[in-house]
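Chain lettering (A, B, C and D) follows the sequence in which the chains are written, and residue indices restart at 1 in each chain.
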Amino acid sequence: MAKNVVIPVGPQHPALKEPANFSLTLQGEKILESTIRVGYNHRGIEKACEERTYVQDMYLIERICGICSHSHSTAFIQAVEEIAGLEMPGRGLYIRTLVAELERVHSHLLWLGVAGHEVGFDTLMMYTWRDREIVMDLLQVLTGNRVNYGINTIGGVRRDVTKEQLDDVMKGTQTLEERTKYYIELATQEPTLIQRLSGVGVLKPEDAVNLGAVGPVARASGVARDARKEDPYAVYADLEFNLITDNHNDVFGRAVVRLLELMESYKMIRQLVTKMPDGPIAAKAPRKIPAGEAISRYEAPRGEDVHYVKANGTEKPERVKVRAPTLANIQAVTKMLENGQLADMPIVVAAIDPCFSCTDRAIEIVSPDGPGILVWKDLREWSIEWYKERGLDLSGLNKKLISRLGR
Amino acid sequence: MVETLFYILVFPGFVFLSSLSFITEFVDRKLYARFQNRAGPPFIQPLADFLKLVGKEDVIPEDSSPAIFKFMPILALTAVLTAFAYIPLWTTHGLASFQGDIIVLLYLLTIPTLTFFLAGWYSTSLYAKIGAVRTITQLFAYEVPLFMAVLACAILADSWKTADIAAFYSAKPWLILVNLPAMFVALIALLGKLERVPFDIPEAETEIVAGTFTEYSGRLLALFRLGINIETIVAASLLAAVMIPFGLGLPWWFGVPLYLAKILFVIFCLALLRSVFARFRIDQMMRFCWTVLAPIAFFQIILNLIIKGFVLK
Amino acid sequence: MNKPGKIGGLALSSLLKKPATTKYPFVKEPMIGKFRGKIKFSQPLCIGCKICMRDCPSNAIEIVKVGEKQFEAVLDLGKCIYCGQCVDSCPKKALELTGEYELAVLDPKTLKVKI
Amino acid sequence: MREADQVRQELLAKFPWLDASSRVSRSRRLWVEVSDYSKFAEVLNFAVKNLDFDILCTITGLDDGPVLSAVYHIAAKDGIILNLKTSVPRDRPVLRSIVPVFTNAEIYERELIDLLGFKVEGLREGKRYPLPDGWPEGQYPLRKDWKPENLDAITPYGKPPKES
């Protein structure tokens, strides 16, 4: 085919779990050029934060992302605590870090499954997601929820952990470690998987620095950067762990980095459980935060979260700015896709572990009611009519169900 | 006459095949689920899916050519149903056997692939077009090893008639072992023909949505899916007749269960294969088919010629 | 070292194992630990300070005065995000978390409930 | 490992006039304000070239009443973050693009344009971020005087669907 084709991938596409748009210029199967449009998930969270109190913001920020919810809320709360000058109790910080590492385990296992799915290896996805249930259950035991844990509060954490819960964590970690070892073997031995991952989506080290890549993407290109090491927050200064890097520069390298990071996380979880000090879990926080500004860095599973908070002495922040890791990495995707194959596009995009909800924060738009646009109610009525024309009337069914179930 | 009509329309023709196709789809999905430690769908699921699709609206793209768009699913279904008439199931004879029918059979099995190509091409959607091109590219990769593998068995049996080949191997069962490499090649190539993982490149959902079938919906999609399901059975029956042809000509109360067991075995192999691999890329698939499958099939032909020339004389 | 179809062993052994799927709604997994579900309100304890209303991130809870030192709580299940901040904020422990999680309704009008 | 204070001293040696407007809030946090925008590029280049600040974390836009400010958060390998703040007048909020220095600044600058109404000179043509393509001109949501109700006046956006 001599003619170039421009193919839109997204905003709605099976490879993307969240909306983003990639316009790919193809020559046959080869990608010549790509442009990216993000912003479909912009929800106005930054503006909304300015209109809510710090306590309310905590939960709003947590809901920026469903996977790295603890990351965002911790990053935000760290900044607030810095402005307020709170003296943090050790046990609170340990619990916070424990949840953070469990979240990393859950996120990396999720990624492995998604990567498997993107290359058509659904069996891998099913197994990793089955094992992910273990860590989800652990998180639920510790915090009360499987996602959006709500464990953080300004000055510490909201829930204490018991001895039995920590034993459960140790036991779960043991199982997960064995499973992870199996996945490492699998990823390095299954030829069909290796073929699809290696040499794909190459990002050279100099490009990684230039384009500001963060997290596993940067580390897989040999850039040794990790906020946990560079700018130790919470209790990472007390923990012993290795900074994982890899020199493959491709998707395979990113998979290796994530899998080895899992092993480091298990190591850290053990240390956290054994070293956990006694004492209070939270410091008393004032409702009004004194004026000031702070920037907080947090190594989320996907890369570095940066939160900037400016306080003006009232109950509400003056400005909250969120930089999610995907926004830093998305600019590198164009580079990775260049001269690649169309078939590799999903895995390359998935390899940065994109989270567009994180990326696009900030305004609520009420549904447009302009001419020619149908809202939910119209669509429903239209579908009822459509079925009626064909002799199928289900409109009474809903009423019947309501009366039957009494709700 | 009535008997022939009954054979074509009811048993083991259209009605039987359609119901069997739902059962094999169920078995396939259930096995696939159990390989992944999932519960899998209930028994009625494939039928429910089919009926649901039939009840949906057919949406035909404005720019497409409606005649071709509507005709392709029917053609695919017709081709596989026709192919069925040439395979001896548990009898020693297919309905319309004649000398050379194995060639016709292989070509009839190629027709669905061509309809996928035309359907995708005339859908005028970008995803469908890319899917169509991939379908046809892939055809060149797996078709040759598949033909070579099946014909290698025919060469050894010294006949181009499926029924004769089956009869030949029934008489000399040990020769089935000779054909094991061909069986392996044919199974892998079948994955390509049926467009399953690792060869589901033309409809790789994470890349090109649903590939060829992106624009299909409702009844037409239901027909396509029925066609593919029946194609699975026909292909499995072909493998059963050529590669594992024992126990033919038994009374029906023993022959039918044996026949079903044979296709279920093939389905089991296909389900296992599709659950343990990642999807190939189109260039990797071409390389794999031409550098691994084709040489094995070629070696099988040479081996069979040698056996035929020296051992069976 | 390459091992094609390495996961095959695991797949085949799964055939004989019980599936990991939970057949909800036929089988209901109990909620372990202190799950954050629907909120319970004990009327006698409430002093009507309305701190819960002020702290609620989604304005889901409403305390209504129904008489002299008598208060009622109305919860909008559609708005509630089940964070449990109101329970933490309540100075008199009038609010409490329960493990109840099957809260879907067919009619949106019934989402607002008195608790 | 160098300390933020060392970096501050190095910076002051080059730009003594920054003494009053720079501070170290805690270890690894350096805040510098360059209120005169014409001197901003010089300070930024010095920080990048001579002080090894090589990663741009993000750019925060602030609505400070009469002026619009931008804080450039730049990190170095040793974990120090340099927060470089500068301001431009609200009625003529023009910044020069820093893409030649940091390639990844593009998307953050587009964010400033969309949400706070900055103008950025030297930014290449491209798709906007993060607001939708049909977003009305002159509506900058992160400015303090902006209310969601502003949109109601403009059709077809902002009219809520009628509740039944």
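Here are some notes:
Keep in mind that, in the parts below, contacts are C-beta pairs under 8 Å (C-beta built on N, C-alpha and C of every residue); 3 or more make two chains touch, one makes a residue touch a chain.
Nothing here was measured: the structure is a model prediction, and the numbers come from that model.
A count of contacting C-beta pairs for A-B and for B-C identifies A-B as the more extensively joined pair.
The chain occupying the central position, as judged from C-alpha centroids, is A.
Per-chain CA centroids place chain A at a distance of 42 Å from chain B. If you average the CA atoms of chain B and of chain C, the two centres end up 50 Å from each other. Separation between the centroids of chain A and chain D, computed from CA atoms only, is 25 Å. None of the residues of chain D touches two or more other chains.
Shared interface positions of chain C, defined as residues touching 2 or more other chains, are 4-7, 11, 20.
For chain B, residues touching at least two other chains, in rising order: 35-38, 275-277.
Note for the complex: chain B touches chain A at residues 35-38, 57, 126-127, 130, 133, 197-198, 200-201, 204-209, 275-284.
Contacts from chain A toward chain C in the complex involve residues 52-53, 55-60, 62-63, 123-124, 127, 130, 133, 137, 140-142, 144-145, 148, 150, 153, 158-159, 165, 182, 185-186, 189-192, 194, 398, 401-402, 405, 407. Against chain A, the residues of chain D that register as touching in their complex are 25-26, 28-29, 31, 54-58, 60-63, 71, 73, 75, 77-79, 81, 83, 102-104, 106-108, 115, 126-132, 141-142, 148, 151, 155-162, 164. Against chain A, in their complex, chain C makes its touches with residues 1-7, 10-11, 20, 31-36, 54-58, 81-85, 88-89, 97, 105-107, 110. Listing the residues of chain C that touch chain B in their complex gives 4-8, 11-12, 14-15, 17, 19-21, 23.
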